[in-house]
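To start, I am sharing the structure in question, which I have written as structure tokens.
As written, the chains take the letters A, B, C and D, and residue 1 is the first residue of each chain.
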Amino acid sequence: MTKVIRNGTIVTADRTYKADVLVKDGKIVAIGNDIHGDHEYDATGCYVMPGGIDPHTHLEMPFMGTYSADDFESGTRAALSGGTTMVVDFCLPSPGQSLLEAIQMWDNKSGRACCDYSFHMAITWWGEQVFNEMPEVVKRGIPTFKHFMAYKGALMVDDDEMFSSFQRCAELGALPLVHAENGDVVAQLSQKLLAEGNNGPEGHAYSRPPEVEGEATNRAIMIADMAGVPLYVVHTSCEQSHEAIRRARQKGMRVFGEPLIQHLVLDETEYFNKDWDHSARRVMSPPFRNKQHQDSLWAGLSAGSLQVVATDHCAFTSEQKRFGVGDFTKIPNGTGGLEDRLPVLWTFGVNTGRLTPNEFVAVTSTNIAKILNMYPKKGAILEGADADIIVWDPEKTKTISAKAQQSVIDYNVFEGIEVKGLPRYVFTRGEVAVNDGKVEARPGHGEFVAREPHMAV
Amino acid sequence: MTKVIRNGTIVTADRTYKADVLVKDGKIVAIGNDIHGDHEYDATGCYVMPGGIDPHTHLEMPFMGTYSADDFESGTRAALSGGTTMVVDFCLPSPGQSLLEAIQMWDNKSGRACCDYSFHMAITWWGEQVFNEMPEVVKRGIPTFKHFMAYKGALMVDDDEMFSSFQRCAELGALPLVHAENGDVVAQLSQKLLAEGNNGPEGHAYSRPPEVEGEATNRAIMIADMAGVPLYVVHTSCEQSHEAIRRARQKGMRVFGEPLIQHLVLDETEYFNKDWDHSARRVMSPPFRNKQHQDSLWAGLSAGSLQVVATDHCAFTSEQKRFGVGDFTKIPNGTGGLEDRLPVLWTFGVNTGRLTPNEFVAVTSTNIAKILNMYPKKGAILEGADADIIVWDPEKTKTISAKAQQSVIDYNVFEGIEVKGLPRYVFTRGEVAVNDGKVEARPGHGEFVAREPHMAV
Amino acid sequence: MTKVIRNGTIVTADRTYKADVLVKDGKIVAIGNDIHGDHEYDATGCYVMPGGIDPHTHLEMPFMGTYSADDFESGTRAALSGGTTMVVDFCLPSPGQSLLEAIQMWDNKSGRACCDYSFHMAITWWGEQVFNEMPEVVKRGIPTFKHFMAYKGALMVDDDEMFSSFQRCAELGALPLVHAENGDVVAQLSQKLLAEGNNGPEGHAYSRPPEVEGEATNRAIMIADMAGVPLYVVHTSCEQSHEAIRRARQKGMRVFGEPLIQHLVLDETEYFNKDWDHSARRVMSPPFRNKQHQDSLWAGLSAGSLQVVATDHCAFTSEQKRFGVGDFTKIPNGTGGLEDRLPVLWTFGVNTGRLTPNEFVAVTSTNIAKILNMYPKKGAILEGADADIIVWDPEKTKTISAKAQQSVIDYNVFEGIEVKGLPRYVFTRGEVAVNDGKVEARPGHGEFVAREPHMAV
Amino acid sequence: MTKVIRNGTIVTADRTYKADVLVKDGKIVAIGNDIHGDHEYDATGCYVMPGGIDPHTHLEMPFMGTYSADDFESGTRAALSGGTTMVVDFCLPSPGQSLLEAIQMWDNKSGRACCDYSFHMAITWWGEQVFNEMPEVVKRGIPTFKHFMAYKGALMVDDDEMFSSFQRCAELGALPLVHAENGDVVAQLSQKLLAEGNNGPEGHAYSRPPEVEGEATNRAIMIADMAGVPLYVVHTSCEQSHEAIRRARQKGMRVFGEPLIQHLVLDETEYFNKDWDHSARRVMSPPFRNKQHQDSLWAGLSAGSLQVVATDHCAFTSEQKRFGVGDFTKIPNGTGGLEDRLPVLWTFGVNTGRLTPNEFVAVTSTNIAKILNMYPKKGAILEGADADIIVWDPEKTKTISAKAQQSVIDYNVFEGIEVKGLPRYVFTRGEVAVNDGKVEARPGHGEFVAREPHMAV
């Protein structure tokens, strides 16, 4: 059985051209003119693009005895509904836990995923066992290791551990990732704010200023440089962090920066909202910044000093958020976004002229596939590539609303934003997941994508 | 009749993979495994890459009653011998001359070109006629306009003219280019040096310091910004100019920088050579810089703040150079390089780890094709693309020597440099131009490549 | 007859200490404890500081057949009333006019000055006569030469002329000044705006974006560097210009930047006011910028990358401004400020913690005296210095209002701003000009201050 | 009894003028023309300047069971011989030791000092006792606290401790200082080098690259910013650190940088010397850098982004250095310089035109006195100031040689350098310490200088 996407304009990171796409057995098998097949999908007036890849999600993440609300099923359904056909989630070992055991746990959770997925492994503690298990983790298709410079007393690693781990990554051809905020300073600022009676959600933002993120980014870059390894900085939210990244790149270092769609369009005034719920729902780390930082991030995407756009999707319900009433440090950190990343980026990026459609594909899909070393299996409209494809209707509009969303939570940080540019069809390895706007994702369809070490750069 | 390049590893700007390439009627018609055809070329152990494109040459350029020594025949033969399968030359109207008449003249010269070529149009004067002819120039496939900010009293245009022309480019979807040096300052510094008795070739370098180039780059960028048009800065030779470019890019402007292979590997000490001929042969504008500038340019290529590598090939014989004995301002400006760009960049860029092979392809071919709006006809290994292909043997070595070169001049600025990485085969629209290292270029094979305006960025 | 300022705290650029000051014959003759004299002025609770120096004013400046409204009498009275005890005005030769003749004209105007003054000479045209007269200008005590890079067709000089003049300055030990805006671009943007029907005062701001100023600053710096001469950039209004200055300083160049008090506290929203008069009264070049530029300027003052604060006082009445109704290019450029510079800077600089009181003295007086080479005759509280002294009451407040001002014009751009920090007494060469807040300036008291070339840096 | 320095040219940070100086009871009591007194010192042809202040020395510092070789007697004699009339040394408590007890120990050592001195207190550990003793330390005249970010397992404090201490400084109006190198990274790099058999002195330099210093500087600045306190970065040796400092200053932060005379004129090639002793004698932290870093530091001094020049004088004999044969981490860190700072800085700074004589005074004396809050008692030629004065003969030359030096060690890192500009006379609180070039320093003459908190900036 074959499927054909007909009459569309193919848009890749590289180029824009008219052609039909033939899909068979989950793969793209031909690209050309006037192709026909068993099922035909009309892409007239649409762009045919590689499905989005979200390099940064936390589905069913354990937290304080509960879990982030979207699991692999609802999370990937949300993803597909917005044109994202793959997510990369974080495998988080408990302190002292075997990395391989953690992989097993994450494997168990992901059985009902509707789209493909991969994992990053977090280095949440350091020791001989971790050092020894890292090669096996890489062998199992996970050549990317995350390091938290914040969350003191929990996930945080210190410089000594981070340098050791980065050197191990260098030996293995693996890529280190960092959550860059100075955990010591965040912890003290938080305590100080609480002690002064500032316990509301806005206190969360005050406790993590841009300087605190910029410093950690700068430090991680130096350590990567000393270890002789590239570096990927997750959720780059501010000029300070971006400045450190581009300064490093101008010395020839290979450093990647990942703005989130939230930081590109939402700003700190959200925390000034008097409604505790409104503000708490926006609590994430790093917090939203002011508009000058947004300008910096957009320019970075067009200049190439920042490479990808993610969501850090980590959804908690209002009820879960309320765990932090009276103490902002207890508000679960995280927001949604999986469903909205592509339409929102298209609306504020492409429709405004900041990004070309090709750049849109690059930052939502192709660059990610390249950096995470799974191109052109993913991130490409090429013969032989997985048929993860979106048929994008640039004229289609909607107003974002929690009521209509796939995510299981009860709100949406983009509520009320009108987007223009939405998927007409979404294919995940050849299966239709969005059919003329209707979500038909199938739980269990998603498969784990093993990745190789020794990426090109 | 079909040709197949077998058993090689295809390297594009995007990816690296093993496949054979089938060529027919000058086009790539298939890429896949185990392809056979009428003629088979063995690429075992080699990289199969898009042919190089040189975006900046001056073949048979009129100068002081004579012409630059390499014409379209010898120049394109030199190009092909080194893996470059296309050149973009500059059409230079005389003061007051019709742009269309100038195109006619350049068409006449290019009849014996061995590889494909295109033109940039130079705006050497300004007036209603120029303004009116620009649309027709674009219609004839030349949507790129060069502006000289130096060569006072000859090619130079002032800010007012440049701003007018840039605005016209914006209307036409054309891309302005600039030779960025402050012509007023160069002229006075030159006169001062001569007046003080510094008339040797080193005076040329003293008369054009990096600050003079950086200033003009910065000025052209501002004018482009005011006109709402992207900008392409030719022969970016120094940190000052690079700094201006990346500062602009960090504001979201679309500015491109073009280092020359000469500036990447040769430095100002060449001018300290006591041999007049040695020094005069290296006289070009901008002159060679010191090693710190080289670091800046290399980092720019890997960071993406600089995009392409060219030659500004404008060869003059030693005899022609000697026209400037006793007065460096009379030394014809220009050096060769068409033959050496790829091997030298591979040797100093890829073999040292500064650039990946994919980045090598990007900066020598694909980025150029995209910026000049002829991708993927040129700059790609894709079905449907022109079969401009190099089979690159990374183990092949030679020592560069004027004796063995294709260029008609009697010296080579890279003389004595040992390169590792050379073409085994070169195809120009399917024809073999280099056959196992032997040059078989055919005069008259080359065709004009018409380009569209409204490039993607 | 002696005067003593008693019980105050002396604040200089260097230090803060309690002492009395004895004045005789227009000079400070002693500083110490418990000094008595014929007339005693109580400075209890006050700071005793060097009188302000305004390095940039245009009094009775010829314009379109009329003159700027404040002449040397009203202008210097306004100055004294706000604590400024010296102004440096611009001597502007007409095209072709002898520089010496222009000095004569300015000498004639300044006879009724209430405080001391000096002149900068403007290079409004270039030729052998100018070149030849420059040494005599220096000899007459005017070692600073102003160059306009804007006002095309009127005051503007081109790069060639500017480079020639800068080299002449280098020979004479004189300091070049620049008004830095790209005049070609301003002229075209203005014409374009008018052609599109944007003829209101806001068009003035649109025609002179920050990039246009930054570019010219960068260009002037390069030319100064090539000429081997320091540079003083008047009315540095934006980050772009400031960036160019500090980049140059970080290469070891001696470049000075002069923010105006207007640009430090007023922003572009003034031009969005629907009242034509309101907006037109704020028309000056460069125009007011947005708040990010203000942050940059303030930081520059505390970091030392910007050195002085001026006013560019060039006052026109509303009636004069209305000459530009229907064509913003005809609105006389300029605002007042002489009276308000010190109180406004103290209020927004010292009271907010951005500047120390010592830095306040440095940027309003001492740095200016040093750069313009008249320290410590001016700008100092030292024995032997001119007794230009302010007794500053940090608790005194007022609301700025045109009704109460000394300037002859009918409005004030700072109208309604409440300042805290005002002079109790002001002395000009020992004479009381402000007596417990009451202005007692005496026309004709002011004298020309001749300055030497070869300043320290 | 009075002394008069006659016929000289007074050079202060502010100005240059001819005057005589009258000294009585250790103070400057008059400055004027034609002054006479009991003893007259001829300063004809000389500059009369404030004595140098070295803000960074380690005299008789405990180390591995021994002590740095120059004690307060020989160290201050060396200082005086080169025109330095005051040193600020570091009081280093042992882990767990009371700060007040440490002061007592340092008081005991300093009894035979030949010139005045003050102390910085080092925070070598953190706890309630330290927190509680800090106010008393300030009360005893020590409002400056040093923090080591390197020397892991010994002096190093972590971010948490540093942030706590900085906040305590903010409360007390004290100024934190940092030795900025990432101690974790240095420790691992050192172990790695040793493990690879790189145990020679050059290994010391390899273990502490500029990036490691730049990172720590950037981190300390962020922490100071969060604590709301200014910051003083000792021994700023490289562009990376300087860049962090000036970036902070451009945000309005008050950060000071202190290049050492060694880093300004000596470079890393010293470590390539095959003679173990030669190289080991230059082992200090940070190590010498390459020439590009020197350019950065010189420009910083003239631009004002770096403020002072010190020595970090910490002299060890060759025998002591040899303790580290076979293991560079055991080589005592430190070099001399107290005697040479002024002549070397004058030679390479003033004689080359990089610094004016006024700037020379600023960076060697006046700025230090201001930042450390003892101006104008120290660092000034003003009535009432301490008579710490040098009569500087700009024509006097010598070749630096260990043989002729005051320091007790057996070598000099500036050996063989010819300096031009040396003291003719040096006065320490009115006493002659150098008499026409002959050293007459008197042990025990020096007194402790208590300093106040709440410096101006």
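Things worth noting here:
Operating definition for what follows: contacts are C-beta pairs under 8 Å (C-beta built on N, C-alpha and C of every residue); 3 or more make two chains touch, one makes a residue touch a chain.
The chain lineup, named per UniProt: A, B, C, D = D-hydantoinase/dihydropyrimidinase.
Please read these numbers as outputs of a predicted model, since none were measured by experiment.
Common neighbours of chain A and chain C under the contact definition above: B, D. The chain with its Cα centre farthest from the Cα centre of chain A is C. Rounded to a whole number, the gap between the C-alpha centres of chain B and chain D is 53 angstrom. Centre-to-centre, using mean CA coordinates, chain B is 50 Å away from chain C. Separation between the centroids of chain C and chain D, computed from CA atoms only, is 39 Å. In chain D, no position touches at least two other chains. All chain pairs in contact, by the document's touch criterion: A-B, A-D, B-C, C-D.
If you check the complex, the residues on chain C that touch chain B are 158-160, 163-164, 167, 182, 184-185, 187-189, 209, 211-212, 214-215, 218-219, 222-223, 225-226, 243, 247. Taken in their complex, chain B has these residues touching chain A: 13-16, 246, 249-252, 254, 295-296, 298-300, 302-305, 354, 356, 358-359, 370, 375-376, 456-457.
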